[in-house]
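Both of the next two complexes hold chain A, though its partner changes from chain B to chain C.
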Partner chain A sequence: MQKSLHIDPGKCTGCLQCESACSLVNEGMVNPSKSRIKVFTFHDEGRFVPYTCTQCDEAWCMQACPVDAIVLNPVNGSKDVLSDVCVGCKVCTIACPFGTINYNTSTGKVVKCDLCGGDPECVEACPTQAITYVDANATGLDKMRAWAAKTDNAAGA
Partner chain B sequence: MHYVIIGAGPAGVNAAEHLRKYDPSGQITMLVAEDVPPYSRMALPYYLVGNIAAEGTYLRKNENHFESLGITLKQGRASSVDTQSKRITLLGGETIDYDKLLVASGATATRPPIPGIDSKGVHNCWSLRDAHKIVADTEPGSKVILMGAGFIGCIILEALASRGVDLTVIEMENRMVSRMTNEVMGTMIKDWCVAKGINVLTSTKVSEIAEASGDDSLRVITEGGETLPADVVICATGVRSNTAFLDGSGIQVDMGIVVDDFMQTSASDVYAAGDVAQGRDLSTGEYYVQAIQPTAVEHGKLAAQNMAHGHKTPHPGNVNMNVLDTVGLISTSFGMWMGVEGGEEAEMSDIENFKYLNLQFKDDVLVGASSLGMTQHVGVMRGLIQTGAHLGEWKDKLLKEPNRISEAYLASAQRQHVNLGA
Partner chain C sequence: MSWTRKILRVNLTNGTVVEEALNMDWANEYLGQRGLGTRYLVDEIDPQCDALGPDNKLIMTTGPLTGTIASTGGRYSVVCKSPLTGTVACSNSGGFFGAELKFAGWDMIIFEGKAATPMYLNIEDDVAKLMPADDLWGQSCWATDHALRQKHQDPQVRIACVGRSAEEGNLYAAVVNDLHRAAGRSGVGTVMASKNLKAVVCRGTLGLGGIDDPKRFMQTVKDGKKVLAENAVTGQGLPTYGTQVLMNVINEVGALPTRNMTQTQFEGANDVGGEAMHLPRKSDGKANLTTNGACYSCTIACGRISTIDRTHFSVKDKPEYWINSGGLEYEAAWALGPDTGVDDIDALTYANFLCNEDGMDPISFGSTVAAAMELFETGVITTEHTGGMALKFGSAEALCWAAEVTAKGEGFGADLGLGSKRLCEKYGKPELSMTVKGQEFPAYDPRGIQGMGLAYATSNRGACHLRGYTVASEILGIPEKTDPLESAGKPGLVKAFQDATAAVDSAGLCVFTTFAWTMDDIAPQVDAACEGDWSTERMMEVGERIWNLEKDFNQKAGITGADDTLPARLLTEGANSGPAKGRTSELSQMLPEYYQLRGYSADGSMTDETRQKWSLPS
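Let's turn to the complex of A and B:
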């Protein structure tokens, strides 16, 4: 059974442990600016929304890549960037309508969440279970809708 | 069912793969014009800079990719299409019969009609072969003049600069990349280039290229009467859709091949996709040659759906967008970045740090955007434009603080259960 990240912004305290863990494991340094999961802060409402790639079925990034550097991971369903194939053209960063694949200026490659190969560090790091890794039996659209509803609660706008 | 695809760029390749998915038993033939496997022009600058080998530009990396999908690659160029007998003729006279034809023949770099433009030492930078020639003809210290500071000119700037050449860019518009920047942003890109040691001449037109007597070098003469010496001139002044072989076919051509919302041309069973196709623009609803990678890919897929399944999938239109890396300075533009009548604008400008963001609204909907020096979450600008999400109170927040665009996206687009599925 494939699993996916489930994010419940209502439980997020904004501690940013997920960002630290993500950057440490994936970039070798604690540097939230290099994290693939980003916690957005809505100061007006005192709310926090962790945000990362949903591994959407449409895979806009993968389709837009001109050199086949983004591939489907058959085990966990993530769309993974092959760093040695990526030329750094950044077309995926404008093609992804969620804004969840980004260019890393220090490596000259793009980065995105790959679910840490099936054992997401952000989940491990989250002290309040705002981020969990659960069975993914929903379709991509259902996933997005669920996500949308969660974001609604969180933003409270 | 025999599907024939003219062209093996991103549009042709994606169409072939999707045709195979939708029609497991159909025969698929893809015409490849150049004598190399299907490759990406987007990757050429990275080949030129030496980051990747030529193979790194290939669209598909597995040598048996097309064979394993039962897609026949055939080398050749189409010279004419007969839509009555459903037959294409190749240069050399060979003919291929089709049931359904996709024209994905792309575009070609053009040269302005000025004296001396065909001199030896004047190159385009469009094909893998051009890139090979530029690599062979330049060395550190070579005097290189780049004509045209549009998208292609800018994207090869870094590759040229990093080869250690003495580089001058000549652009007839008053700023760099005028088709994706306003004056503030275009001027910032120019200032950045100048700070990197590149000589940039805007509002300057080349009137003639003369061959110097005695050696192989060239003299580039501007309309203002200035004469600039050059070892190599690279012409990146524009591209044109490849439609000449359709003359006499009856297929309607405007700036590119005219297509309907099912990507079909004026001839039945003939479709067009990618840089050659004048497809629907999402923002304006008009038909326009966007000539960008994401649109080529989406056209290819859409054409395949309509070719294999009948006309069930109308084209909603593509968001015109670009991302450009000019010697390390990253810019993007989306949709109606220049604004719309009766719209409103939000601007954040930090000239010293080369950061800029411009948002364009119509009522409470984002219709266009452009950015400089931003690399994080830029895709949300596409998301907001494509979904037409109502920003509500977030629009006023963005008018004051445009850099809260990602939060506005989370609070509005995702909340409205927008369907981004294609």
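Let's turn to the complex of A and C:
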């Protein structure tokens, strides 16, 4: 079963545990500036929104790459950067409509979320379940359940 | 290592910024943050110096766990000599600034001297420069934050700055970071402004590596997070109600100081507490509380994000305040509410916003307003002094007005900026000041929580709840329940809390973790992150060493055992209602045993033996 990252901004407290965990596993140090998942704080609105790659099926980054450095991981559906192939041309960063693939100045390569190979550290780190890893075919399950709960079927009881 | 082992020394007089190696001998003795910053301060300033003169220094200091993934590992402290108390000042703040400093590669910044004109420090990783801040002087913290973001065109910078209150010499001005977190107490912002230093802008992209044993560290972090999540206080109470969960609890036990501590219970507590922040208001059906927010790396997330009712008199013509920002925490809500007798939650939230906007400690501000209200009610202060405002207990209008004029240091606001002690002295009624060593009380009446009386009297930075929070034991039963009305046994309890807190602060963690964590949860995280062996016992030793270092500084600054006291009101006037009715603080029964446990002489002086025991600098 393929899984997707599922983000519920309403549960996010803006603690950045996800950014720390992401950078720790991918960069070997706690460094939110190099995290593949970012939490945006909209101060005046009192909102925190985590954001990262959605692993598009027809991934624009993958299609734009001139050296085929971005490949589909057939197991978990992620689009992974082959860093030894990447030439750092940054065309993918222009192609991505969501800004979730970015250039890393210290390596000269691009980086993006690869779902940690199927066991995302951000999910493990998140203290409020704002980020979960769920069945990719039913990412709407929580919302469906919430609406289902509101269905009035007790009228005749 | 977790320490970056680098500190920045900024000489504002000469305009120089130089890198130094962290003194690792001191790090091994004092761990970091509060302890290590104080060790540098003790080494570098004359304890008798003018707190607002160029000889005082201002130290921004992080702990070894600041900027790690340990829960709450994001804290930093501002250390200097306090202009409010004359003692050591060490004010601790969360938010994101402290961690950013570590990501830029710095454990600590030492500011010395005084700039000829307003400056700010800009840090981009290992490059730090002093920049002119003439255009920022005279602006609030919020306006300064906005202007610096515009200037640097980098949404990811973290900013700590002072507001107009600090510039105007308000003696309890704070250093505000991330718009609504603050190194709040003891006037550390006043010291920063006295150096013509307006702000520190930081962007860190180097990250924090070098965890001593990464695998073990991650396991201890996970274990710690689990304990916090499963604990009723840190897992449920604090996220849902914030520290405001305490308002009704403390009122019930009759220890909610009310109307400048003339009473011990507030009839309006229900209207200004954590539950009230969840209630829909009539105007728009929204609650005061929008959501809870976390500081860096914190898995508790007690922070309140709130709005003010747009139809409320304080903001109905001021759309700039129709935003979400840092809402009421318990101590602020108490000082602005019960202590002034005001039960209007929107007025409290507005005053709290202004405290953040212009960098004022809401505890000291609210308590000073409360003292002014008592002076007004007794006819000592009149509308001639205030320029027409009737400073009556319970007046929401008076509270909001006071916040406006004090934030800018205008008119009577300059008097309110003196703090309760100097205000009451100025008007000839020093006995009405509810302070210890010149610092205003927080939100627990020592007549109803006996341990807190001793904690206040002996706190190294004047009256304070964060130097030994025996409320945890006496009211909440953490780690074990003791009788709040009983003074016996409290000296040992107070000492244990004081020492443990000093160690927790110095690690770079939040003291709120200790509602769930014991030192046995904390020491393994420090031990895995840092070189060397950091056992529970060593952490407690470090805590006690830090406590004595602070005490020794104060003694050299001229503070004596005679200053370890409480206002006469709390020692002679019985609580007027509630479970503690008729009781006074039994401070005199607790002090001798406390001094003995600390190894001080009977008059409360540090002894040579104790100094030697902890290898304190001479």
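In this section, the second predicted complex is superposed on the first by the 137 of 157 C-alpha atoms of A that agree within 3 Å, B and C clash if a C-alpha of one lies under 4 Å from a C-alpha of the other, contacts with A are read in each partner's own complex, and residues count from 1 in each chain.
In the analysis below, contacts are C-beta pairs under 8 Å (C-beta built on N, C-alpha and C of every residue); 3 or more make two chains touch, one makes a residue touch a chain.
Every value quoted in this text rests on a predicted model; they were computed, and no experiment measured them.
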Touched partner set for A:E27, first chain B, second chain C, both or neither: second
Partner chain(s) touched by A:G117 [first = chain B, second = chain C, both, neither]: neither
Comparison of chain B and chain C by chain A residues contacted: B
Touched partner set for A:G46, first chain B, second chain C, both or neither: second
Chain B versus chain C as contact partner of A:T128, first or second or both or neither: second
Which superposed partner A:L16 touches (first chain B, second chain C, both, neither): second
Common interface residues of chain A - those touching chain B in one complex and chain C in the other: none
Interfacial residue positions of chain C with respect to chain A in the complex: 67-69, 71, 96, 99, 103, 156, 179, 203-210, 218, 225, 229, 239, 290-299, 301, 303, 305-307, 323-325
Interfacial residue positions of chain A with respect to chain C in the complex: 13-17, 20-21, 23-24, 27-34, 43-48, 125, 127-128
Residues of chain B defined as touching chain A within the complex: 10, 14, 40, 42-43, 46, 51-52, 56-61, 293-294, 297-298, 301, 321-323, 325, 328, 330, 332, 334, 375-383, 386-387, 392-394, 406-407, 409-412, 414-422
Chain A residues touching chain B - in the complex, by the definition given at the top: 38, 40, 42, 49, 51, 56-58, 60, 63-64, 66-68, 85, 87-91, 93-105, 108, 140-141, 144-145, 147-149, 151-152, 154-155, 157
